[in-house]
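Several structures are given next for inspection.
Heads up, the next two complexes both have subunit A, just with different partners, subunit B and then subunit C.
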Partner chain A sequence: MSTQSSTAAGASGRRVVVTGLGVTAPGGIGTEHYWKALLTGENGISELSRFDASRYPSRLAGQIDDFEASDHLPGRLLPQTDVSTRYALVAADWALADAGVGPDAGFEDYDLGVVTSTAQGGFDFTHREFHKLWSQGPEYVSVYESFAWFYAVNTGQISIRNTMRGPSAALVGEQAGGLDAIGHACRTVRRGTRLVLTGGVDSALDPWGYASQLAGGLVSTVADPERAYLPFDAEASGHVPGEGGAVLIVEDADSARERGVERIYGEIAGYAATFDPAPGSGRPPALGRAAELALAQAGLTPADVSVVFADGAGAPDLDRAEAEAIGRLFGPHGVPVTAPKALTGRLCAGGGPTDLVAALLALRDQVIPATGRTARVPDAYRLDLVTGQPREAALSTALVLARGRHGFNSAIVLTTHRP
Partner chain B sequence: MTRRVVITGVGVRAPGGSGTKEFWDLLTAGRTATRPISFFDAAPFRSRIAGEVDFDARAEGFSPREVRRMDRATQFAVACTREALVDSGLETGALDPSRIGVALGSAVASATSLENEYLVMADAGREWVVDPAHLSPYMFDYLSPGVMAAEVAWAAGAEGPVTMVSDGCTSGLDSVGYAVQLIREGSVDVAVAGAADTPVSPIVVACFDAIKATTPRNDDPEHASRPFDGTRNGFVLAEGAAMFVLEEYEAAKRRGAHIYAEVGGYATRCNAYHMTGLKKDGREMAESIRAALDEARLDRTAVDYVNAHGSGTKQNDRHETAAFKRSLGDRAYAVPVSSIKSMVGHSLGAIGSIEIAASILAIEHNVVPPTANLHTPDPECDLDYVPLTARELRVDTVLTVGSGFGGFQSAMVLHRPEVAA
Partner chain C sequence: MARLTLDALRTILVACAGEDDGVDLSGDILDTTFEDLGYDSLALMESAARIEREFGIALDDDDVNEALTPRLLLDLVNGSEVRAA
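Let's turn to the complex of A and B:
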């Protein structure tokens, strides 16, 4: 078999570090609010308040309810942006400020790229335009619809707002797409771009978007917000969709040092993506292989991993498959595992990046947030799941996993940065 | 050692024919495939012309179940994938599936199915709170279209990295560029990459009507797409797809594969200027071109043909012409430049891949496709745009470019493998 890139730095020798974070998630907007909500177990899941969902079989969502766009963005951006793009723009502002990137940071043209993921585009916005088109006529469709809807919107808007002209992209891969965006951002840095703003954000909590998320039967119909999304619990009944996500600044380590960055959250030491065998093949899913490849790229082994941030689908068959994949790599009860997204719901493209933020803050504070309200983990899973209270532990390396519907798997390995 | 990447298989579904051969015949004949919109009653719309594909899903081998499940764009992508795999002669069953990746581009993804399902769930637009009782089991996949790449992966037996690259109108260049990176870095040995878009639907037509980006030349559909012509007044919306099999060069040589071209270089930049607007100077596209040539280790004088974005908006044509002059210098005036959008329209994210197909076929046949409908050149567009008639010419190296909403500017250099040092 042919060669495989097998070191953290790859052929270029460049190492990639995270120097800024921005979060807009249910239960906490702003990085520290989000982190505090995870550590105190504050539940971001509640009854949908955006429309009357009484006819719907599920009525819960991870909603951001303390975000006023006009507090954060200029008025001219509001008529042209979906709610998801507003979250992305604000998270980007915060992440750039956190990393100390501004007009005076000494970057040349094309030094700054943007790679984001959204799986749903500007859906609430586009639903309104569909409604106008079909109830009133084409002449009522917004002049902004052509770009407020499509999947590249967040990358484009962030690039414009912050004058970032480097190599940029937008990726779609459902719940795994957010990690893929971060992986591609790292690739872009290794190929020579000094800094890339990356991450993922989604929101589709309008009536049509929310209904669409129910298709396929993976959303819980349990009405109690405290019991509806219980990853790895014996009573797991599906997940709850949420909105929001996170933005991270990834940067060439040498470049970060040269510009005098003082705080480095961690290093992205490995990334890999795999795809499951086609349905009916009878072969096992490929999540474990993604984790192995990411570890190999980092030059690490499972024994080096201090904590796993799991995908935590919240459906018994998917939870079992993930527990088996983790067990095969780490042995029974071999590593602490958590799924803090139990408190935010599944954020689609925003899920992986928010998990990555949580993992970086876990490395910083040496504490693992718990898996929401999950309490009873089936013995057969043989998982050391962090439940109830956060767990203090010596942490140096985190493995973050994500799966997207139909077979997408992505894994990222984070380490404490040692210059 | 740097791994080199070559294209060994191609599949195209474009207006005016089904399959790669008919596509190339159309281009070299300089015929146009733009026509009055037939998919729905377009009377209420400003622009009523499109490049539609006469796509017969049954004849393409799709079962009724697959047709129900897959969006039209997905069907295009899968049909092209199958054609490209056969064309490559690659026995994918004999390969390690974990060493095959997929990168699929699309700008508006499952827009057709979204609109169809919307009309059912919202009672033709009467209801704001849609009725979940009318929810299709596939609706999630139209909302979150990762399944499009999944279907390509299943068709190709791919279990390596699989993703959708959705950069708007440069998606078709960027998806192939993404796949090239996967092979170069060693993540995979084979990738199936390309793009599909089927946007000829009321909501997308309305989107472009609203900003007058598409042409209102409804009385002359066959001559409506007029890149670089002084009388042009907007692009013609279209649908289509093209998919490729990409392989590591040494492996392709070892198995005696037919090699269309090497992907020598690829680069993308953003203009950070406006979501739909372009600065006149073409600066960022010029930078992409420079970086792509650099990666290919080729001098600008090596470029034998420029496959232009050439959408047929005044803004684009002038921006792009400036970018060519800025990046290619004197060579810009000497090299033939043409836009196949004059014949097959602008299929958004798909067109970048369809233009890669045209580029590698130009190398294959030593023929440069023309810019149709170019009778009265815009004085500000003063390059050799190969008007009306295809040109026979030794073509070793092609530069193809794309420009899109969001500010994306991408460039790719394709050449015969022998050209590289």
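Let's turn to the complex of A and C:
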């Protein structure tokens, strides 16, 4: 092990641990359903069923199809929430319950912060209100449109529902934003807030939201749900958009111990974000630098890392760039790498947080989930990619990577918690 | 013009803003404040917009804000003149 001189605890001496998880993802809502789906290779990607996509060039999505909002949320919240906010609120409820946080847990309102990320906002809600605007007139548009679309709405709604009045924020960084939110939550804890609820969700599978995602040009046009999203595969053809995400409870380790928390999933030992140089500058992308900085903050070196959860864009040039970044840090075939999001699609702001949950459960169960249906990795990538079946391994430290469109890079280092 | 009844108001409130699980809207709620019924100012704005459309009237936002109970809101609506088409 390397020196601990510049660890994530930093000057405050505070260590940040994860004490609660909540997941709403394609293939499994609820943390253990999600984890089981990853380990059994259940594919959450299927033909879109939300609307008739027959005239779209792509017709696949990672959809949550076993979620009835009224089973989980009070009636007052339904007319004012987009589907993405409903996922966020329910995942938040589950994460808080998992961490044993409730009215009797001994917290003051201001001890509890909320930091979330969503990159797409309330597309489905807004699509319906826009339809009313153009077909019936402005007086038909819901007053709740004023915030239901908004990037900060999940932070706000979770804060109101659970009376969490501590330092709160919303971060947007496309697919990297979910890790940025978690990183900022850790910073908030180190600055003295006892507990922060954090994570990210997205959903944009209505006709307008889906068209917007296709307009980005990175969505696969392969029609077979088993072949459309193959990160690091020789036949990688783009990605499939998915919906959902994850919420985590992060706490000051001492505070968690004092309140008698029995289960700690792991410690967030390092976080860093970088931004890519402008196209044409000739300088390399900065994903690897984000990983180096996160490891440095954790006081660890690449040799300490037991598994990498990759961004796994599923586009050949992006896959190659990520493989090169990993190779530079760890050497050829130097560390097991996986991208279990191949089974859910890319969840945008929800992607990083669900990967973080998967990484924590991998540390818990000492097993690495496989990269969906990816089977043939180009030799030139020199990656030790976990494919086909989950791989049992001795795991103590995980590196989670995420990239957002147009240059966002984020990395988080997780370790098994040792009090 | 048609009058807005308490029953119709209940229907509009639930359709526009949902229903608080801890509140019984079916009882005698004429003089219960909207706040106690679980409806905030946005819920009332949304409901007022629906009433305006259905009854062809214009309601002043300040007047709606001052109608703190169903009785006051019914009086406001039923005392309003229908807009010229």
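Before moving on, here are some points about what is shown:
Basically, the second predicted complex is superposed on the first by the 413 of 419 C-alpha atoms of A that agree within 3 Å, B and C clash if a C-alpha of one lies under 4 Å from a C-alpha of the other, contacts with A are read in each partner's own complex, and residues count from 1 in each chain.
Basically, a residue touches a chain if its C-beta (ideal position, glycine included) is under 8 Å from a C-beta of that chain, and two chains touch if they have at least 3 such contacts.
Since the structure is predicted, the reported quantities are computational estimates derived from the model, not experimental observations.
When the shared chain is aligned, subunit B comes close enough to touch A:Gln120, but subunit C does not.
In the superposed pair of complexes, A:Gly244 makes contact with neither subunit B nor subunit C.
Contacts of A:Gln80 after superposition on the shared chain: both subunit B and subunit C are touched.
By the touch criterion defined above, A:Asp52 reaches subunit B but does not reach subunit C. Touch counts on subunit A: comparing subunit C and subunit B, the chain ahead is B. By the touch criterion stated above, A:Phe130 is placed in contact with subunit B alone, subunit C being left untouched. Of the two partner chains placed by the overlay, subunit B and subunit C both lie in contact with A:Ser142. For the contact definition in use here, the residues of subunit A common to its subunit B contact set and its subunit C contact set are 80, 139, 142-143, 146. For subunit C in complex with subunit A, the touching residues are 14-21, 38, 42-43, 45-46, 49, 52-53. On the subunit B side of its complex with subunit A, the touching residues are 3, 44-46, 96-99, 102, 107-109, 115, 118-119, 121-122, 124-126, 128-133, 135-147, 149-150, 153-154, 157-168, 171, 174, 178, 181, 185-187, 189, 202-203, 205-211, 213, 248, 251, 267-276, 284, 287, 404-408. Listed in rising order, the residues of subunit A touching subunit B in the complex are 1-5, 10-11, 51-53, 55-57, 80, 110, 113-114, 119-120, 123, 126, 129-131, 133-135, 137-139, 141-143, 145-147, 149-153, 155-157, 159-160, 162-174, 177, 180, 184, 187, 191, 204, 207-209, 211-216, 272-279, 286, 289, 348, 404-408. Those residues of subunit A whose C-beta lies close enough to touch subunit C in the complex are 74-80, 139-140, 142-144, 146.
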